[in-house]
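Some structures are shown below for you to check.
You will see two complexes here that share chain A, one where it goes with chain B and one where it goes with chain C.
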Partner chain A sequence: MPVPAGPAMRRLRLMIVDDSNLIRRRIERTQSLPELAVVGSAGNGEEALEVFRRTDPDLVTMDLTMPEMDGIECIAHLVRLKPEVRILVISALADKATAIDAIEKGASGFLHKPFTDRQLNEALLELARIPQHA
Partner chain B sequence: MRQAMRSPFMMLRGRGATVLSAVLIAGIIGVVLLPGYRLARSLAASNTALQLVSEQQSTPELLVREIELLRDRLATRSYVGRNLEELRRLVTSYDQALAAVRASDAGALAEVQRAVELWARQRATLEPLVSFSAQPYVDTDRGGTALTPDGQKLAADARKAWQFVRANTPALIGQFERAGEYLRRQAAGGADELRALLLSGVLATLVLFAITLYLQLLKGRHERAARESQEQTRDILRSVKEGFFLLDADMRIGAVWSDALATIFQRREFAGLAFEELLAGLVSEKTLQTAVKYIGLLRGERAQEKLIKGINPLAQVEVRLPDLGAGVETRYLEFDFHRVSGQDSIRYVLVTVVDVTASVLLARELRQSQESGSGQTDLLMGMLHVDPLQLDNFLATARANLKVVNAVLREPSREDDEFRSKIAKIFRELHAVKGEAALLRLGTVEARAHAFEDVLQELRARPQLTGNDFLPLLLKLDELLAHLQALQEMSMRLLELRAAMTSAAASAGAARGEMAAPMLTPGALAEFADGLARRCGKRVQIVTEGLEHVPPALQRPLGEAVLQMLRNAVVHGIEKSSVREAAQKTAVGTVRIAFGRSSEGCSLSFEDDGAGIVADTLKSAAVRKGLLSPEEAGQLEPRQAFRLIFQPGFSTQEEATPDAGRGVGMDLVAKLVRELSGRISVATRPGRFTRFEIRLPAAVESVAGVA
Partner chain C sequence: MLDERELRTFVDGTTNFFEVAAQQPATVGSPYLVTDDRPGVHEYTGIIRVSGRRSGLVYFTAPKTLLTVLLMKMQENDFSHQTMCDAVGEVANTISGNARRDYGKDFVISVPTVVSGGSEEFELPGDTRPYVIPINWRSHAAKLVVCLR
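For the complex of A and B:
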C-alpha cells in the first residue's frame, strides 16, 4: 500500500490486529481520519510481528484474545521492536485487570467492543495525538 | 489560578514602590539634608561675621578717639597706661573680627579685601602704640614731669597714627559697611534657601510617608486577597458534594481534601493516608490491586488518559461502609482519576469520589417498576381476552404442574444421573405450563417459564451437578408461584366485575357449559397456531374433527399433547410459503386434528402437510447431542430413528426460542400418553406430511381426571 513520501506529507501508518476477519474489515472501513493510512493487518500475534517488521506502522489496533500469540504478549514484542509505537487495544474482554495488564505492557489506550464508528474514530484520533515518546 | 496570576504583578509594583522610596530617601539626604546642613553652617558663619562686623562698626572711630585721648594725656603728662590698654584691646578685637569676616562667605569680597589692606596699613601705624611698653615720663628736678625719649617717640607715633587713622577711618568704615550689607543679604538669601530646602524636605517626607502608606495598603490588600482566595478554596472544599484529593507518587493522600470525603468514607483524617489503606476492606482485594495498577498507568507517560477511562476498575464500585448506626450498609461509589502535570512530569493524580448510591438505587427501582409496570399491563391485557373460567382452569393446572416441580426438587438425591433425571422431570412440567400459557397468550407466564427453562438448560450443560446447583431453581419456582398468585387475584377481581355486570344465574350457567371444553376448541387452537405461525413467518390453517367429543377427563392431557404437537408442526413441519410454493404445495399449510371414539377406546390423529421428518437429520442431531455414537446411528432403521423424537432433551433446532427447539416437546407428549396407558406412533413422508396417532384404552376416560 503506497504511502505519500516526504516527512511533511507522511501519514501515520496503521496496522490492524484481530482474529476476526469481520472486525478487521470493519475497522479498516470505518476509520476515516485523513492522517491515517492502513498499511497492514494480521489475524494473530505471530502474523502481527511479521507484518509489523515488514510495514513499520506507527499505530496499531490490537485484539487481546487471539490464537498463536495473544495480544498482551504481542504488545510487549511490538514495544520492544519499536518503543515509540502507539497501540490501541480493542477487545470485548470484560475483565478490566487484563486490559490494565495490556496497558502496562505498553499499549496507550483501550476501546471496548462493540464500538460505534464514532467511538473508533475518536479513539484513533486521540491515539494519533499523543506526543511521540523519546 | 487568578490568585497565582495576580501576585507576581503585585510583587512587582511593591518592589517598584520600595525602589522609589529608597531613591526618595537618598534624594532627601543628598538634596535636602546635606545642602541644608552646609547652608546652615554657612549661614551661621555669615551670622557670626555679621555680628562681628556690626560690633566692630564703631571700632575705627573709637580708635581715633582713643589716639586723640592718648595724645592729650601725653601732652598733660597724665597716665596713659589705660589708653594703651584700650588701644590694644580695640586692635585685637578688630583683628579678630576681620579674620572672622575673611573666613566667612564675605571673605572673597573686594570690599573685604580692601578693608583688609586698609587695616593692614592702619595696623602698621598703630603697631608702635600697641607694642609700647617703656616709661613715657620722667620726673625732673625743675619740678614737673618730662617726656622720656621713648615718651617723645610715643607722642610722635601717636600723632602720625592719629593722622593716618583719621584719614583712613571713613574708608575702612565704608568697606566694612558694604561687607556687612553683603553679609546681611547673604543671610537673608540663605534663610530663604533654607526655608525652601526645609519645605522640600517636608514635602519629600510627606511623599515618602504616602508611599509607605501605599505599600502598606498594597500589602494589606495582597494579604486580604490571599486570605480571601484561601477562604474561597476552603469554601469550595467544604461545600462540594464530590470527594476530592490528590495522590502523590507514593499513592498517599495530600494535605488538602474536600469535606465530602469525610462523609463518604466515615472517617476524619486523610492526610498521608495510603490509597490502599483508604479502600482496604471496602472493595475486594483484586479490585484494589487492579485499581492501584490503574493509577500506576496514569503516573506513567505512555497510556493516554482519555483512552483508558473505560477500564477504570473503580468507575462504579459497590462498597460496604459503616452506616450512621453501628451496622454496615452497601453504597455505590464512583471514582474518577485525572493526571495533574507539573513542569515536566506527572506530579499528582487527582481523585474524585462521588457517592452515587441514590442514583444507582433510583435507576434500579425505575427499571424494576418499569418491568413490573409493563408486566402488570401485559398481565392485564393478556387476561382481558381470556375467559375467566378458562384462566381459572389454567391456573389450577399450572399450580398442579408446579407442585410436581416442587416435589421433584425436594426429592433426596445424590448421584449425577439422579440429578439429571430430576432436571428432565422439571423440564417437562414447566414446558406444559409454558405451552398452556402460550395458548392462552399469557405472555408474562410464558416468559417466566422460559427463563426457568434457561436455568435448567444451563444446569444440564454442566459436567457435574450437586444439590447446591438446584437452589436457584427454588427461587425461580417461588417467583413463578408468586406470579400465578397475582394472576389468580386479578382473575378473581375480573370475575367479580363480570358477576356484577351480568346476572348471576346466566354467568353460572355459562360457566358450567364452558368448563367442559377449555382448551380443545377449534377457535383456541386456530388462534394459538396463528400467533405461532406469525412469529415464524409462516401461514397455517387448522382443520378439526370431533374435538367436541373429547371427554372432560381427557381435556387437559390431550390438550397439552395437541398443543405440543401443534407447536412442533408449525415450527419444524410447515414450511414458509415461498418454500411450499416452490414445491408445488399450497402457500398455507394445513394441520388436521381428528378425535374419534370406538368400543376399544378413543384415538386422536394429528397430521401436518409440512416437510416431514428426515431420518438422517434426526440421526446426526442425536450424534451431535451425544445420544448416539456414529456407529449406532449408522445401524439405526428409519422407523427406530423416528422414535428418537420421543427421547428427553432431543431437538433438531439449534437455537432455543419460546416456541420450540428445546426438544422437550415430543417426550412430553409421549409421557402424557404413557400416563394414560396409551400408545403413540408416527408416520412421515419427507416433503409431504407427518402424522401422529394416539390411541387410548376406554378405561382411562374416567380415571384421568382423578389423577
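For the complex of A and C:
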C-alpha cells in the first residue's frame, strides 16, 4: 500500500550510501516508490555526512563496510544531525550483533545483501511508512 | 585448517549469492585443498582480507564473460572495466559478509581490493593452505578461494 500523499505533501528525500557504484546505481534504478526521490549518494561515511548536510534527506540506505568512515559510525553522526532520519542498513554483514549495533545507533531497518528488487522495495516501503517523529 | 561446517558456510553463501542476485543458481562443487601451488585466478579477482577470530583472505575470481552476464542479469548497462572491478569486489564482499552469520562479529572483513588481467600479485598467508570452491554458472567457471588460519 502506498504511503498516503496529499497534494501539498512533498516526496520523501532518499540518500544512498554504498562504496560500490554498482549497488548505488542498482538501488536508484530499482526503487520504484513514487513517494521517494533520490537526492544524493555517497561512497563512504565521510562523503555521506557532506551530502547529508547539503541535501537534508528523510531516508537513507546505508552500507556498513566502507572506507574512510564505516556505516555504523556514520549512522551515529546522521542521527545526531537529524534525530528523525530513517535509515535502512543494506549490508552483507549477516551476524545478529551487527544488526543490533546498527539498530542501537539509530537505524530503523536492515536488509541483507544479496537482495532482490522486491525485497528492496518492500524494505523501502516499510521505512517510508515509519512515522517521522517515531 | 577449516572444518567441513566452516567450509559449508562459504559454499552456502556462494549458492545463495547466485540464486538471489542473479536469480539463477550456480553449481558449486566440492571444496578441495591446494597443497602444492597457488590456487590460480581468472581475469578479475576481488579480495577480502580477514582479521579477528580468523585471519587470512577470501577471494572470488571470475572471467569477464561471467561478470558481464551477471551484470546483465542485475539490469546493469555499464560494462566498463571499473564496473567489472566493482562487481567482482561486491561478490567477494557479499559472500564474506554473509559468513558472519556463522562466524560472528569477530570475523572482521576489509573493504574489497581488486586485481585484474589475471594478476596474482597479492600475498596468501604463508602458513596455511587455501581451499578452492569451484563454481559453474551458465557454463562459466569461477572460484571462491578461502585461505584462513
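Simple rule for what comes next: the second predicted complex is superposed on the first by the 125 of 134 C-alpha atoms of A that agree within 3 Å, B and C clash if a C-alpha of one lies under 4 Å from a C-alpha of the other, contacts with A are read in each partner's own complex, and residues count from 1 in each chain.
Going forward, a contact is a pair of C-beta atoms (placed from the backbone, for glycine too) under 8 Å apart; a residue touches a chain by one contact, two chains touch by 3 or more.
This is a predicted model, so every value here is computed, not measured.
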Joint occupancy of chain A by chain B and chain C, clash or fit: clash
Which of chain B and chain C A:38 touches, first, second, both or neither: neither
Which superposed partner A:127 touches (first chain B, second chain C, both, neither): first
First (chain B), second (chain C), both or neither touched by A:110: first
Which of chain B and chain C A:97 touches, first, second, both or neither: both
Partner chain in contact with A:65 - chain B first, chain C second, else both or neither: second
First (chain B), second (chain C), both or neither touched by A:14: neither
Contacts of A:23 with chain B and chain C, given as first, second, both or neither: second
Which of chain B and chain C A:88 touches, first, second, both or neither: first
Segment of chain B that clashes with chain C, given the candidates 457-465, 529-537 or 691-699: 457-465
Chain A positions touched by chain B in one structure and by chain C in the second: 97, 112
Contact set on chain A toward chain C in their complex: 19-23, 25-26, 29-30, 65-67, 91-95, 97-98, 112-116
Complex contact set, residues of chain C against chain A: 16-17, 20-21, 23, 71, 74-76, 78, 82-83, 86-87, 89-90, 93-101, 103-105, 107, 109-111
Footprint of chain B on chain A - complex, ascending: 88, 96-97, 99-101, 103-104, 106-112, 123, 126-127, 130, 133
Footprint of chain A on chain B - complex, ascending: 286, 289-290, 293-294, 296-297, 301-304, 306-308, 310-313
